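Let me begin by presenting the structure, written as structure tokens, before commenting on it.
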Amino acid sequence: MDLELILSLVRSRAEELGALSDAVWAHPETAFRESFACAALGGHMAARGFSVETGVGGLDTAFRASWGEGSPAVGFLAEYDALPGLSQEAGADERREREPGGPGHGCGHHLLGAGAAGAAVALKEYLQRTGGTGTVVLFGCPAEESGAGKEILGRAGVFDGLDLCFAWHPDTVNCAVGTASLANIILRAGFRGVASHAAAAPERGRSALDACELMNVGANYLREHIPDAVRLHYAYTNSGGASPNVVPEAAELLYYVRAPKIAQARDVAERLHRVAQGAALMTDTALTWTVESEMLDYLPCHTLNRVLDGVLRRLDPPFRPSEPYADSGPCRSISTDVGNVSWLVPTGQLFTACFTPGTHFHTWQMTAQGCSREAKEGMLAAAAAMACAGAAAVEDQDLICRAREEWSAARAGSL
Amino acid sequence: MDLELILSLVRSRAEELGALSDAVWAHPETAFRESFACAALGGHMAARGFSVETGVGGLDTAFRASWGEGSPAVGFLAEYDALPGLSQEAGADERREREPGGPGHGCGHHLLGAGAAGAAVALKEYLQRTGGTGTVVLFGCPAEESGAGKEILGRAGVFDGLDLCFAWHPDTVNCAVGTASLANIILRAGFRGVASHAAAAPERGRSALDACELMNVGANYLREHIPDAVRLHYAYTNSGGASPNVVPEAAELLYYVRAPKIAQARDVAERLHRVAQGAALMTDTALTWTVESEMLDYLPCHTLNRVLDGVLRRLDPPFRPSEPYADSGPCRSISTDVGNVSWLVPTGQLFTACFTPGTHFHTWQMTAQGCSREAKEGMLAAAAAMACAGAAAVEDQDLICRAREEWSAARAGSL
Amino acid sequence: MDLELILSLVRSRAEELGALSDAVWAHPETAFRESFACAALGGHMAARGFSVETGVGGLDTAFRASWGEGSPAVGFLAEYDALPGLSQEAGADERREREPGGPGHGCGHHLLGAGAAGAAVALKEYLQRTGGTGTVVLFGCPAEESGAGKEILGRAGVFDGLDLCFAWHPDTVNCAVGTASLANIILRAGFRGVASHAAAAPERGRSALDACELMNVGANYLREHIPDAVRLHYAYTNSGGASPNVVPEAAELLYYVRAPKIAQARDVAERLHRVAQGAALMTDTALTWTVESEMLDYLPCHTLNRVLDGVLRRLDPPFRPSEPYADSGPCRSISTDVGNVSWLVPTGQLFTACFTPGTHFHTWQMTAQGCSREAKEGMLAAAAAMACAGAAAVEDQDLICRAREEWSAARAGSL
Amino acid sequence: MDLELILSLVRSRAEELGALSDAVWAHPETAFRESFACAALGGHMAARGFSVETGVGGLDTAFRASWGEGSPAVGFLAEYDALPGLSQEAGADERREREPGGPGHGCGHHLLGAGAAGAAVALKEYLQRTGGTGTVVLFGCPAEESGAGKEILGRAGVFDGLDLCFAWHPDTVNCAVGTASLANIILRAGFRGVASHAAAAPERGRSALDACELMNVGANYLREHIPDAVRLHYAYTNSGGASPNVVPEAAELLYYVRAPKIAQARDVAERLHRVAQGAALMTDTALTWTVESEMLDYLPCHTLNRVLDGVLRRLDPPFRPSEPYADSGPCRSISTDVGNVSWLVPTGQLFTACFTPGTHFHTWQMTAQGCSREAKEGMLAAAAAMACAGAAAVEDQDLICRAREEWSAARAGSL
């Protein structure tokens, strides 16, 4: 694999990728509403020779951009959704909203999408230059921040036929991702009771808020009897109204159940379902239980990640990892729907430094840094690393075999 | 009805009734263990011409003593069980136990039994003197304090065939009972989980104590949504062991659900059952639900009670009621299995003053006063009043008809 | 007192009072925002010879309209605030909002205000005709539905100097109010903890939502140990945010503590304060405790109410009460800040039928009936009855003395 | 250090050590009541030339047996308390109690005490043979299973003056202990309220049981906000009585707070104290808070443990460890008051296999195996290893220096 060639291909696109990233940053759109970003990235790929289909998997703001044919089929994952309430002016180091109360790219997904596009285009051009064959696919994946878009796309078969897949995320460090992320099941418990005047006839009321509170008490008792690493947390999406006068008829909770392994999370989610049923029984209310989404734990593919790591080490500073690649370690306390893809196809993943050390995710500070020169450099490094790893796989069938063997074993061991 | 004759008949037995009462007082026996009292009262009745059957209704310490034949059949209810922990020397006005930790007659049931016997014997002798006909029955009823013996006897048909029934209770006032008592359903919720070491493997445990606590939290939430007059209270009969080290495998609660009407109590008891089921669901434990007993609310039979009241007013002070008879008023916050009999047959009930005003029930102070001259005088007054009311009924068929009509209507209205 | 004269005075204003009521109905304004209503009623009074001061007691939408001088000083209470969310077209018997989501007069306060104005004007004109002397005052009282405007006005001394006061409320029945309403203390418990990522670092978070839930659990345990008639109910005014990801930093509850007597409510409110302090201690959060308002229980002034009742009985049907005046009975399970006035000055109160039987308060159905002929008739009947009672007091110094004596005793007995 | 000499010295005592162990096994005594064991072990030591003082540290069943003088002073820890309810016949592999309901050695402390005695005697005899100097001390430590006897002895200064200390525990494996045990703080929360009849006057009661339950709800909410490794568990030592009739006046909980580090445990214990205070505030009850004992986490002294490990490796199978010595790893989920000694003096600790693999601690199965040949072999191996390590220290001043340096640093780092 010719690293220098790929680096020069990526470099030649630096300006247009930066512009693409900036445009998405300037049009922040929250989950499932990313019509500008979808059009911008899809158009970018179409203009560079990819055949683009939007609305894949039943999601309006998803797309599939492919070039080439036959095997191996190498995928890249683009995300582009923003976060509510994080609007901020570029470069401002104190709070200054561009649009008051509006969304903002506080998690760097504008870079993520453009970087993945850059990787796909560079791999296509590399194969054209070197006469390699295969299929290169960029997936436009909506709704990572909430909604788990890739879970929906995966169920719809959008990722079928891939041999390998690559993902990245902007970060404050540079490394290939050797550790898992937490599986996360998102659950909604809605209770419906009977309204009544709380002073005049409380005995005729059946309180949906009582049901929520009793479910939460039950869940807090549950904590003692689940594995330490499982996380359970909840919020009221409807606390039944602000008037103490009325026995609340309807109320609703949103729960996250996170665990190192999806099987653990499912086990606890079932137990939590029984807690909710118990709360409904206790209060004569009716329960509506919804599994909103399941983010699976990321199955690291060390075979691919070591390739990504190797490429990073050949780049100039600051993109050389300072730590050796570690294929184990504590699970990261985050969840991502890249995990769902990693259960469908061997998926390599890396982080590059786009933001100053210490910047927290999901903050306006991260929005503010989203158009910096450093952010774009990190994006290009990620694009190059992913394109290189893709090229390595195309040129080395054995790498693909080893990746798939590792992945089959990991999947089997994780259930 | 010849009041003077009955009074003289009761008076003539004063000494032997006092002795009978004292003997039972001196052999205090708790619920279902009243073998001395059962033998003493049964023997008393047999020696006075009654035919006595013990062990009726499947209860070893119950008896039925009857004399005469045909209608009307008039019943009297005797109780004789003592209370744990209330042993006390007679007349001592500071705490001095006769038997350390032993039981004592802190609710006056020794007087109650002997007084009811006195009423039955007096009515028999009155009928013999006056040539009246009918059946006189004294029921020896175990376990009023706990266990609701009369519920068991009633289910076994022991009270079948009665036209009327009379009951009394020693008190600090004199009155016929115009008001209801609370229905009381006694429930047992046992939970079984899985034991585990609480430090080393809490996630493998399923805590029966958690289930109890969550049931209680649920019950406290329920309070807002049940009628004001309903009472719900509970105690741990097994809190799962005294070692924090162990996730408790078994634990148990005892609940009382009291309400002015048995139908209300049953409704709340059903809801409480669902609370218990909810707690079991929440904790992966198995619930064993037992309805221990149902004490029904006392249906006052004003027709009979007014007769009792009338007799009391013809007695010398202090047994003349100071208040007019009231056939309504707030329900008394006590429960008694006399209520169960009152749903099977019209049942008159009265209180007479046996203890000094201000004495609390279920105290050693009440045990201490159990052999006083005043207590015995109150007992004789009650015996006379009940015998008189029985005689009035024998001599006035219409009284019985009115009592039964009132009772049918009250029963129908209470369901 | 010349009833016929007063009736004709009220009748002569029927059209303008109806128009005033309709205008306020058509401009529904919620608590403390009643600027249209305040101007309309104030202007009405000024145009009829009253001297009007707005902004009294520090409340922008309050006014005091007075006429005459010297004693006796007779007050009338006007209210005019609407309820959020109850916008509805007049006369529509299915849900049809005039302004989607907007407020509406679902409690009839547009009638209440105009009716009180009618009473004050009628009394003034009666005194002018009959040569009577005294002071007539109409109080424009904002925020009865929430905020307890009369408590604020009372503290500011706005009701000082009155000898008597009258209030009314539109209803489905006709009667002078012989019974108390519930005292109601409105409390706000705000908790502040420490935000943290609920998956990555829950041990660093201190949850304000935990504090709210634990306070509520504690309050539900408290129910067993407070008098039956006390009502405790609550709602979340801030449940800490809708994202399960974040340990909530701030959360807030609104509590009502209602009781037949303000002293009971204060006692329970103090205990509830300790429950809130306990919840803060349990969760390492800081508590902000605010007594928002105290609605006192209405002290019925039977002396005045019997006069109101007597007038009603002299009116044509349907305004003749069907039930005899009862000066006791169960407390009404509602609360009103008229109660606060009743502790400052003897206050008569009546209801007249303005809505069809069975209409519930605080519903769009009540909004819909607010402009009907029947509603206006009820308003005029109330105006007449209050004006008559005011006239009777002016003409009978002894009536005032008896009212004040009764009131002094009732106040003393209620503390 | 002459391993063969020590082995032969231990071997020569095999029979008497086995008899001593069997005698203690046959007289099982629970915490603080070990008078037989104290006398037996003390007598054993006195008979072998040690000067024995009983009742040290204020504990009747503690002793200190010392020989020699000057430095280094090497200590050995003997335990000998049994567990309630674990009486079982020796060798029986089904449940057969020797004394029904009686205590039994279900944790092997009879071996522990005799083995420690064997180590002390062997070291004394070794020094006599080799002319070495120093002080050898055996500490008879009561109440390890509950009560934390060594905490009390430590506070009384009983371990003062030691240079090193050694402990062991019978187990199913052979190894020197490279990992910490959990610190454990034992807490008692007693609540006192006001009794009242739960049906007649619940509003006058203040329930101590309510306080316990609310404390426990609070503690379960706390779980989310403490580090994963902390363990919190509780039991009712008084649940307020078995009668639902009575609002419970007094109730009590026993809590364990365990954590890898005592500092963490103390922090959580303080927060738990506030939870208890909060529960008292919520219920108008008075809290009595008692810190019963603090078992500190065991600070492993790797310098000494590697010596113990080295000796084990030179023994015949089966006492050669199969795993390499590991000086880190997850904390063991147990707690022991050997931890308290380890904070006062560098303390080496080892396990030897005395029971068949898979035998659980604190079971009758372990009692049953307590007199087997294998158990005694394990005891002798432990005695030999500890004596050898003691000898090595006496002969190598540098070893002591290194142990104390390591220990000082570990102690400093653990606070």
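Every chain is named by a letter (A, B, C and D) in the order it is written, and numbering of its residues begins at 1.
What we mean here is this: a residue touches a chain if its C-beta (ideal position, glycine included) is under 8 Å from a C-beta of that chain, and two chains touch if they have at least 3 such contacts.
Here the structure is a predicted model, which means the values were calculated and not measured.
A.B. asks: Identify the chains in contact with subunit A as well as subunit B, in label order.
C.D. replies: The common neighbours are C, D.
A.B. asks: Based on CA centres, what chain would you say lies at the far end from subunit A?
C.D. replies: Result for max centroid distance from subunit A is chain B.
A.B. asks: Taking the mean of the C-alpha atoms as each chain's centre, how many Å separate subunit C from subunit D?
C.D. replies: 69
A.B. asks: I'd like to verify one number: the distance from the centre of subunit A to the centre of subunit D, where each centre is the average of its C-alpha atoms, in whole angstrom.
C.D. replies: Distance between chain centres: 49 Å.
A.B. asks: So how far apart, in whole Å, are subunit B and subunit D when each is placed at the average of its C-alpha atoms?
C.D. replies: Spacing between the chain centres: roughly 54 Å.
A.B. asks: So which bits of subunit C are touching at least two other chains?
C.D. replies: In subunit C, 202, 213, 217, 221, 224, 228, 233, 247 touch at least two other chains.
A.B. asks: Residue numbers of subunit C touching subunit D in their complex, please.
C.D. replies: 202-207, 210, 213-214, 217-218, 221-222, 224-228, 247, 271, 274-275, 277-284
A.B. asks: What part of subunit D is in contact with subunit B in the complex they form?
C.D. replies: So the residues of subunit D touching subunit B come out as 182, 184, 197-202, 209, 213, 216-217, 231, 233-237, 239-248, 254-256, 258, 333-335.
A.B. asks: Could you list, by residue number, the parts of subunit B that touch subunit C in their complex?
C.D. replies: Touching subunit C: residues 217, 220-221, 223-224, 228-229, 232-233 of subunit B.
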